[in-house]
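Notes to accompany the following structure.
We call the chains A, B, C and D, going by the order they appear; numbering starts again at 1 in every chain.
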């Protein structure tokens, strides 16, 4: 299936892009992150990230569906 | 000697004036307050007041001199 | 330098805030006291504030100087209204800036508490029932 | 009702504050986060803030709704900047009004702490030495 990933902050820098569409057979965000992490050399591991699917923060075991917008969230530093 | 008294808040209401000059032989603010309290029927006693002489907060036993500006300060309620 | 003032006219928070600017400051905390339409269950129509102005200024300055040495601040200032105020009017403005927000919050709270305890300013509340009265708090906490 | 917003342009505190007016409110506490010229010993020239805006809005709204039920408030609102900011620029504005100052201070502090913990916004600091980097705090307290 095809999903859309958005990248922010250091993940965007390391991926060299702000978004991408990926073909994946991963059935949850944890597996998907492993795939893209390997490809882009992301330094943060899932213990330091949160993940959002379609604008909602979800568990790493949450299901993934065709067309989902998925965002791996590095530790925030607003304010 | 002659001193100038300023009155604020409930003391001004009870005295019916914001200031007055008084002739007194009181040698400290405590004695002076007893004098004016009797005359004006002030309800607050010295335990609930502070006193300022010439713009400085002082003890009730502080000396008084001719021409001093003396203010008995009711509990404040600013803010 | 005057950090504390007593004002007979409307407080302009934008002007007051200019004194807090500092390139090293990352946090600014502002407290405003507004005239509310009720106090201890009574409906309030209007307020008068009376000040013994020379002493109010020197006590206010002393509080702000002490705040500058007690807390890690960049700047602190405050102004208190006198005269007749309507519901919604600003009675007091307290502003601080600091590198970090911990100091800014702590200092702001400390300053307004000290102002309410020490500065010779008195509030006369005019109630909906036509009564009015000067408030002379007796140890009970003042909000 | 939108209590939290993300803004690509300058925050105007006078406009933001209008949402806090309430005849029952006696206390207003405002927190502003400013871009300061230093962080952890490094000299800072400029900042960029990046947000995942839809989630930042919903997380921000959730924080302000929770504040309204946790604390005795009349109103609460907040706005966070995104984009390039210079030293002295306002990065975040948080305002609350309440009958009493205790609730106002406590709510204000709680809201900015939650924003810094939860809202998906990231800061990129540009240092005087030419380096820059996204900050990803690791449990250490953020100021």
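The definition used in the following text is that contacts are C-beta pairs under 8 Å (C-beta built on N, C-alpha and C of every residue); 3 or more make two chains touch, one makes a residue touch a chain.
Note that the structure is predicted; figures quoted are calculated from it, not measured.
Each chain's centre was taken as the mean of its CA atoms, and the one lying most distant from chain D is B. Per-chain CA centroids place chain A at a distance of 26 Å from chain D. Chain A and chain C have centres, each the mean of its CA atoms, that are 49 Å apart.
Each chain gets a centre from the mean of its Cα atoms; for chain A and chain B, those two points are 73 Å apart.
Multi-chain contact residues of chain A (touching two or more other chains): none found.
Residue positions of chain D touching 2 or more other chains, listed in rising order: 33, 112. Pairwise chain contacts present here: A-D, B-C, C-D [touch as defined].
The touching residues of chain C, when paired with chain D in their complex, are 13-14, 21, 23-38, 87-88, 97, 99-102, 104-105, 108-109, 112, 143. Touching chain B in their complex are the following residues of chain C: 33, 49-52, 54-56, 58-59, 80, 91-92, 112, 115-124, 133-138, 142.
For chain A in complex with chain D, the residues that touch the partner chain are 6, 8-10, 12-13, 44, 48, 52, 55-57, 71, 73-79.
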